[in-house]
Amino acid sequence: MPISNFINAGDLIRFLPEIILSVAGTLLMVLDPLVNRRSSNLFGTLSLLALIGALFGSVAAYAQAGPAFGGMLSVDGFATFFRMLVIVVGILTVLPSYRFLARQDAETGEYHALLLYSIAGQCVMVSANDLIMIFIGLEISSISSYVLAGYLRDDKRANEAALKYFLLGSFATGFFLYGVALIYGATGTVNLTLARAAITGANSPSPVFIGVAAALMFVGLGFKVSAWPFQMWAPDVYQGAPTPVTAFLSTGPKAATFAIFLRIFMTAFEPIGNGWEPLVWICALLSMTIGNFAALLQSNVKRLLAYSSIAHAGYVLVALTARSDVGTAAAMFYLAAYAFMNIGAFAVISHISGKGERYQNLEDFAGLAQKQPMTAALLTIFLLSLIGVPLTGGFFGKFYIFKAALESHLVWLTVLGLLNSAVAAYYYLRILVMMYMHEPSEAASGAEPLTVGLKAALILPALGTLILGIFPSWVLDFAGKSSSLLK
Amino acid sequence: MDAFIVITIIKLLVIAFVLLTAVAYLQWVERKVIAHIQVRPGPYRVGPHGLLQPLADVIKLVTKEGLLPSYVNRPLYLFAPFIAVAMALLSIAVIPFGPTITVAGYSTWMQLTDLNIGVLFILAVSSMGVYGIALAGWSSNNKYALLGGLRSSAQMISYELPLALAIVSPLLLSNTLSLRDLVGSQAGDIFHWNILKLPFPQIVSFIIFVIAAFAETNRIPFDLPEAENELVAGFHTEYSSMKFASFFMAEYLNMVTVSAMATLLFLGGWEAPWPAAYGSSLVPTVIFAIAGLIAFYHASNPPHKLDRYTFAATGVIFLIIAAIFLAPIVQSWLLPLFWFLAKTGLILFVFIWIRGTLPRFRYDQLMGFAWKFLFPVAMLNLLVTSFLVAWRS
Amino acid sequence: MDVVLFLIFAFIAVVAAINVVVQTHPIASAVSLIGVMGSLAILYLLLGAEFIAVAQVIVYAGAVMVLFIFVIMLLNAGAEVKRGRSLLVQLLGAPLLIALLGLLAYFVQRIFPRNVTVHFGGFTGGSAQAIGRALFTTYLLPFEVISLLILIAILGAIVLGRKELD
Amino acid sequence: MTQVPISWFLTLSAVLFALGVAGFLFRRSIITVFMSIELMLNAVNLSFVTFAYEYKQVNGHLFTFFVMVVAAAEAAVGLAIILTVFKNRATLNIDDMDSMKD
């Protein structure tokens, strides 16, 4: 067979974002020993440029939309949506990292290189149409995240976070991989399109077989997105990891994992949907409930947001339970909104926490509104969006998800989900009350003024949250258009 | 089928016997060569010129009390020497010594078994050899042994990389993983051997291979695991009698294996360096004849009384061997064997020579050398080779 | 012949795997794990995967496990300290495991009737040449992308292992 | 009978996988827990190779090859993480990893 069956110039363009990111990452890694790192923000600036380049790259790739590398990749609207999402998450992670790393005396090229590699892995994940390619992307993203979580290696909590993240992540990988093996065994292929054809075709394999494979994959992916009953690692990891890394972990890899979750379950496993729907139903409900109720008890803000992220994973699973194109589009919209509001909230925490990340408790936010009204106002936007107040992205995210659930006749799940949102409002409001109605704490009064990078890191996600809340159709139309083409 | 099994068993016995004897005598050769480098006679008492010394050593080691220290981790302590020697013996199984021969109507390979992934097999088996040393060091429950074991496993892991990269380049030229086909691809005179073959002579990778092989076999100048002045005897501090002898044997067996590998990969295996038309088939005869004449010369003015007879007898044996090499019936398989053993022996001699000459590395120098020099050079060589091979095809 | 070979090495693999789980000392577990990997390599040969069998020995047994043993030696990790485990784990652990095993075996047996059988030489497409050909045509992209993973592993190990951050 | 039913291989793979999971859940030493994960990956590899035999495809071997590379990369990073943990705490017991419990 000629080589052009496997690679051609168009394929390289479809692979452009990954190429840009990995080349830039390698460049940063090589530059690290060559420059005087005390003097400049060179690494951060370079990785920002690379990310912006990759953003344009994914637009260029979309212009050439189609399968690439003999069906290994499928560069469609869905892939482009998530590619751009993870790249934007990357930009919003780099911006607060400048100041954070400088404060911990830990600015290196390797940090940024690992971040870029991780994003490259996520881009591979979301655009792959082949389980082995998905697996490799997942591992690239995960392994660099393990290192990032333990990046401050003299910090006991960071070590522990990295260890737990690593052990549970690899454990989940084992399950995912066993699922891939069974799919291969059942259908003789790991290409999602071909596997779907084999499952729906005349000689379809035993449904038990496919069911076991789906269950194993669900376990693997459930771990990665921290859904019940695999959520136990998330609080420790999110609390222990450096704050910008936590912001990244709870948005980028999570969005990418949900993307492959949707892609696998809405293409290959869609024909056996009646089998897995009850399973996902229970997981969605319990993720929301356990996440929200556990968050009520937390005093550490990072931990609180960790539990809330479990609950948000539950909301996205509601969209998956709907098993419809509308549901998929709602999940895409919600993940985008969640990325903006969550990363913004973590950026504020990283700003307040100070050297050595001392201030992470609820009380440390007391009186922030008096000392830094702008920071407090921006955090308010993020928290209101996390609650789901109208005019924010969070509101429309939840709205579309529950609308999709109702359209699929999941009445009880919708009702319980809405009740959950009411519970969640309580703990977010606690932070707001603390900020506006208490005397300034040591942390709030000692907080540094906002730097340019940090301002950008706060204002951009706030803008994103508001735009998604005011003009939701801009994103939703694109999501709806690409979700229906998924199969 | 039955003939195949019988032939295989015969080959097995012959190879095992020859190999173990050779290993015992390799040790004698080593002591002699180093002694001559240091201008002293070496073993001289047991037998003429100490020729029976290996036998005496074996008897001593076998009859010695097998000490089992009370504080060791018993199963692993006993398992470690076994795995070291087993892995060393295993890799010999795929090494060919010569071409196909026909004896009494049966034709067979001068090789126990031919794998079409023989090179990978040897890499795999030799990478398992680390365990013998690492586990010995750990199970001894002794800090010197532990440090020796740690150093050696680190060293072996590090040098395996340049070793493997050095192997890849000749494989690219030969385009096979079978050791037999590897020699087949180098058929002809010295300019067809991988070490000098166009488009890119593999001299660099040959040198890298030999250096890494020194490190893999823990020989001077890379014998840090058993650096006496720092670590007593390294990983085998706590071993005695046959268990100690097993490690010793494994080391020499590994030396033989890597020398044979170097011969097969770079030096054309059993091919003669120049065509028979220019007299390469006469070389063994000439060498043995000269050796016989020298023996006669020594017999005529002997340093000891007994030497008058022993040297004369040796001379006669050498002359007979020289005559055998002229017989056309056996030439077809004796000549390849001669060339193969001559090349392997030459490399083994270099091993011993270096031991007599060079001092030992410092530990950080050792690791730095592997990672900062050997590895990049091997990589560069591989890149150039692969580009040239791709360009030619 | 093939059945005997399978039974022997499957038995070794299972016993060694149980040993990995029940031994209290990490190094004993590590040695048992090498045993599992070695017997799997033999089973791969039976399945006609000669390249994978050798790669299994080189990569897993020869590199990954050496790293493990190296770390165990370096940290001088001792035997595990026994703690009071929760009653639930003690009571339910073994039965749950046996139930899971039974379920898995049942699924596999039910899904795969005995009509497909394995004999040595039944599949010869696993040669180094076949693997290389597939690797540089159909699987070119994963092969290139996975090199990034190795780079990350090296970089990560250096980032975590270096003495100082700056 | 001289041929082995393919389901035996798959059962063996399932048993090894389950043992790996058991090791992960019940063991307390971090290194042994990590080794259990390696055992799981090995079990998966056996499945891939067995299915490759069934379909007479080389693809399954390639997946195994990729899994091996991933396992090696995981081992490098994982052991580096374990080393940093040990440096900060001088323990390898997973029950001692509780600095963030309230």
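Chains here go by letter, A, B, C and D, matching the order in which they are written, and residues are numbered from 1 within each.
Following the convention adopted for this analysis, a residue touches a chain if its C-beta (ideal position, glycine included) is under 8 Å from a C-beta of that chain, and two chains touch if they have at least 3 such contacts.
Note that this is a predicted model, so its numbers are computed, not measured.
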The chain pair with the larger count of contacting C-beta pairs, comparing A-D against C-D, is C-D
Rounded to the nearest Å, the gap between Cα centres of chain B and chain D is 37
For chain A versus chain D, what separation do you get between their C-alpha means, in angstrom?
26
Cα centre of chain C to Cα centre of chain D, whole Å, reads 6
Where the CA atoms of chain A average out and where those of chain B average out, how many Å apart are those spots?
56
Hey, what residues on chain C touch two or more of the other chains?
51, 55, 63, 67, 72, 74, 107, 111, 138-139, 142, 146, 149, 152-153, 156, 160
Where does chain A touch two or more other chains at once, residue-wise?
132, 136, 139, 143, 146-147, 150, 153-154
Where in chain D do residues touch two or more other chains at once?
10, 17, 20-21, 34, 50, 54, 57, 59, 62, 66, 70, 73-74, 77, 80-82, 84
Give the pairs of chains that touch; include all such pairs.
A-C, A-D, B-C, C-D
In their shared complex, at which residues does chain C touch chain D?
1-3, 6, 10, 13-14, 17-18, 20-21, 23, 26, 29-30, 33, 36-37, 40, 43-44, 46-49, 51-52, 55-56, 59-60, 63-64, 67-68, 71-72, 74-75, 77, 80-81, 83, 89, 93, 97, 100-101, 104-105, 107-109, 111-114, 116-119, 122-123, 125-126, 130-131, 134-135, 138-139, 142, 146, 149-150, 152-154, 156-157, 160-161
Using the touch definition up top, name the residues of chain D that touch chain C in the complex.
1-12, 14-23, 25-29, 31-32, 34-36, 38-39, 42, 45-46, 49-50, 52-54, 56-59, 61-62, 64-66, 68-77, 79-84, 86, 92-93, 95
The chain D residues in contact with chain A across the complex are 10, 17, 20-21, 24, 30, 33-34, 37, 40-41, 43-44, 47-48, 50-51, 54-55, 57, 59-60, 62-63, 66-67, 70, 73-74, 77-78, 80-82, 84-85, 87-89, 97, 99-100, 102
So in the complex, which bits of chain A are touching chain C?
1, 3, 5-7, 15, 18, 22, 26, 29, 37-38, 69-70, 72-73, 105-108, 110-111, 113-114, 117, 120-121, 124, 132-133, 136-137, 139-140, 143-144, 146-147, 150-154, 186, 205-206, 208-209, 212
Flag every residue of chain B that touches chain C in the complex, lowest number first.
73, 76, 79, 115-117, 120-121, 123-125, 127-128, 130-131, 134-135, 137-138, 146, 149-150, 153-154, 157, 160, 177
